[in-house]
Amino acid sequence: MPTTEAKEIRLLGTCPDQVGLVARVTRFIADRACSIRQAAQYDDPRSRTFFMRYSIDASRFDGSAGAFASAFQPLAEELEMEWRVVDATVKKRVVLLVSKFDHCLAYLLHRWKVGDLDCEIPLVISNHEDLRSLVEWYGIPFEHVPVSKDPDKKREAFETIASLIDTANPDTIVLARYMQIFPPWLCEKYRHRVINIHHSFLPAFAGAKPYHQADERGVKLVGATCHYVTEDLDAGPIIEQGVVRIRHNHSIEDMIRNGKDVENTVLARGLRLHLDDRVLVHGNKTIVLE
Amino acid sequence: MPTTEAKEIRLLGTCPDQVGLVARVTRFIADRACSIRQAAQYDDPRSRTFFMRYSIDASRFDGSAGAFASAFQPLAEELEMEWRVVDATVKKRVVLLVSKFDHCLAYLLHRWKVGDLDCEIPLVISNHEDLRSLVEWYGIPFEHVPVSKDPDKKREAFETIASLIDTANPDTIVLARYMQIFPPWLCEKYRHRVINIHHSFLPAFAGAKPYHQADERGVKLVGATCHYVTEDLDAGPIIEQGVVRIRHNHSIEDMIRNGKDVENTVLARGLRLHLDDRVLVHGNKTIVLE
Amino acid sequence: MPTTEAKEIRLLGTCPDQVGLVARVTRFIADRACSIRQAAQYDDPRSRTFFMRYSIDASRFDGSAGAFASAFQPLAEELEMEWRVVDATVKKRVVLLVSKFDHCLAYLLHRWKVGDLDCEIPLVISNHEDLRSLVEWYGIPFEHVPVSKDPDKKREAFETIASLIDTANPDTIVLARYMQIFPPWLCEKYRHRVINIHHSFLPAFAGAKPYHQADERGVKLVGATCHYVTEDLDAGPIIEQGVVRIRHNHSIEDMIRNGKDVENTVLARGLRLHLDDRVLVHGNKTIVLE
Amino acid sequence: MPTTEAKEIRLLGTCPDQVGLVARVTRFIADRACSIRQAAQYDDPRSRTFFMRYSIDASRFDGSAGAFASAFQPLAEELEMEWRVVDATVKKRVVLLVSKFDHCLAYLLHRWKVGDLDCEIPLVISNHEDLRSLVEWYGIPFEHVPVSKDPDKKREAFETIASLIDTANPDTIVLARYMQIFPPWLCEKYRHRVINIHHSFLPAFAGAKPYHQADERGVKLVGATCHYVTEDLDAGPIIEQGVVRIRHNHSIEDMIRNGKDVENTVLARGLRLHLDDRVLVHGNKTIVLE
């Protein structure tokens, strides 16, 4: 965390609910001459768990986000809070993984270039060479790591990938239609920081070829799901979903074509929520503090 | 079929595709001094099957819909067509089955009363007494047929229901949140004429308590599905679907409340398509000829 | 306000933003042994105005909502806050006005009867007799007040209406497709408490016959808008909006039929937000604190 | 029109309705050993006008699309039909005009590159240099034509543009957020072949800065409209529309960001319908023959 003074700080937390909780946290903030720009809380009535996100104007706070965090530590302990302080002036680092389907990649890169995604993209990794030129046009390093079907070679490939990721030191990893299963040990290492886009309205049509499944079932809407990746394939906490109508005369190719619009939109929206630190995970669900 | 002269006839058909098909059918229509008000066709490229719906202005045709059908018979045979002729001036008869959740029933009855559903409703059957007063306010006969869990008594109950249905002589049966499994032999008897509303975006959350399932999975949209009932529970051909957004702070009760709006809308829309003879079934899918 | 002890209190407020604001309000709440069930705030960056809604568990507070309000008064004055305290255990009273188009009325009455609208409905007023039987079936008093085109008689009619409303003593008035202009002096008297449903996606197609206007312009979506009524016709603060797709082959009658689904849904959703005290008005906009 | 044999032909037509019309046209098609892949018709009941689109498998037709057209001419004249025959195997040529907002351009270029837009793009014209590199990366010629505010120079600029367009010989011109008014004489020259994307749900918020207008009015949905450009600014026939929800805490920048997703999707969908020759214009409306 940088030691320069942060103008905007985000304070995220999850803890058991209790009387006076908000008063104590917001008093802490006010006592540091900070004002709250945006506050969002949620008190889950079933688990009696409290979730909070404060976007804080820290321009009059005399210190870094790290200093703010250190000061908050004792109160957090007292409240048994899982928490983090984020310096909102420091861009998050996002590594993208992609295969050959490049629509999500192209969409994210463009939105990023024009300033609609508030992050840095230090690296794109792919198991194919095809997209090097596009990625490099955006001035982003591209690494080609082929993934073999042979289990030993596949493990090696993911060790290479893990090492590339570690060097890039990302806050977030996005699987932008990456057609490989992300190994559990990597999921665990980057827990709730790996985002996937699945091309169906989950839990309908989990697994491979969802548009083919949708065609077979004869549904009237197809969708896309942006979710955190967990060991349990296609079953991680859902961040965002969307749908689009289809008609009986749509071929699978038409579904794919129309589905891309939804995939792009849902992934961009989900990633934006994540980059804004608006998504808290609770069990297998997300609390989205808009 | 009535022998009076019909002003509007619908001709529906499904047959193997072949060159000249449309020309021959439309020539048949023109030769009866009939003009086509609305034509919709679909040629399924995979099965090479042709689907058609013609809405026909028969005001200058000198005969009944039955006469029109008799005249069409030889051509239909030649084309190996499954077909039907519908006299659009005769309202379809719809029997409704309902349990205690009455929102769909109330919605359909009201839309029907103000002329938004083009049908007659000769009978409502329920396994509870609760809704008698509402139904009778609309001037519709109400029959209470309790359904026991005991298999023998249950079979008896459905025999009673079948007999009531037979007497009412409906074209269509609507399960408006009827919380009983419609027996396979009744599905078979009224094949593609029994319509159900399921309170989820099928195939997600088939079976019981879909809103509870949706809550557990943490989806961001919930939906409803209007489909034909087949022996295979919740797996029949889908007619119409819709969704509504939910938020992390929605309780199951909120989901149910918001879901009702979608259930009402989707069932009303699906039923309207069916009553307009716009839905053709092909395998386990529907062709909706809007 | 009742003097019995309230289990759930809502505290709503709007005031200039300042450091420590949330801390002071939530400290006040905690000091009364109350815990916050749901908190929602919004700090408008342009006007530097703060909006808040706290849903408060007051089961351990030793006093009524009125006592809570009296205790809050000094702090509110200090913070220059416009505010109100609502005893959430007391149902709001809603008077409905309707003409001949009864779909919204029928929808609200049914949702109300099954417990999906948390309010009392002491009175329905109409300028036609047609809906008396429906309203009385729900056990609700119905008053027929014809509204003449003659200005003097019209004024008299609205004086009668105002007097009926005063006697019913409502918190909220809903114009459920009431085809008369609500006079400015009544709008003023029940400021931000009169809710209208307009059958278009405002500001498109304000004024009369919006579906005809939509048909003429050839739009591909039609909508509905739930808004507070102000002197400025169809221009009051918008609470909720929705749309539905239409096709080139939809007649105006089809648009009206499909539009009803959206009108019903949007009005029910907007009214529910209002009854939950989630809608704060700021200038000509609403802050919806979900 | 090429003289090689076409495998797929599209026949589009508009004419007064009459008995036997479909029979005669489809008989004509069948008599050329052609089969109908997809047929869509619409009979407007108010103007008694008939619209048709036939997608025709012409693999057994012994001749070019031009030969097919010549053969159809006499029948078309007899039926007083406005019509055209399109060789679907020949890609349409699309010229794009753009200013500095490049999201729609980037979206179209990417969708085009991966084969989701069935056309050639011989030229992109812009009044700024900024997007040259992006366009040239896709291998497409880029012409920079600055447009001055001085009326004489502006006229000159558009003469240059017209000449560039003429040389590129396009079937379709797309204004992909081109912030200049397309001159009426150019609209007239390329009548119903110039497509614009307007960043609002027209007719709401026509003119400049629609997101600012939407913010001021406090709407709960913002949208985008794809339409043909006519002399009457923002009032041409609408091809496609879409909307996205916004919240009270969305700044104008948030609206713009979310709006882009809808603009991209709506323009891509509208252009695809146009390239498939599915859009017929009737007065100021479109008939979309899906």
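Each chain carries a letter (A, B, C and D) given by its place in the written order, and its residues are counted from 1.
As a working rule, a contact is a pair of C-beta atoms (placed from the backbone, for glycine too) under 8 Å apart; a residue touches a chain by one contact, two chains touch by 3 or more.
The structure displayed is predicted, hence computed values, not measured ones.
S.K.: Hey, which pair has more contacts between C-betas, A-C or A-D?
M.R.: A-C
S.K.: Just grab the chain with the largest centre-to-centre distance to chain B, centres being mean Cα coordinates.
M.R.: A
S.K.: Would you kindly tell me how far, in whole Å, the mean C-alpha position of chain D lies from that of chain A?
M.R.: For chain A versus chain D, the centre distance works out to 36 Å.
S.K.: Which chain D residues reach two or more other chains?
M.R.: Expected reply: 38, 42, 45, 247, 249.
S.K.: Tell me, which parts of chain C touch chain A in their complex?
M.R.: That would be residues 17-23, 26-27, 29-30, 33-43, 45, 245 of chain C.
S.K.: Considering the complex alone, what residue numbers of chain B touch chain A?
M.R.: Its residues touching chain A are 42, 45, 201-205, 217-221, 223, 237-243, 247-249, 251, 284-288.
S.K.: Across the complex, what residues on chain D touch chain A?
M.R.: Its residues touching chain A are 38, 102-103, 106-107, 110-111, 114, 116, 133-134, 137, 247, 249, 257-258, 260-261, 264-265, 268-269, 272, 290.
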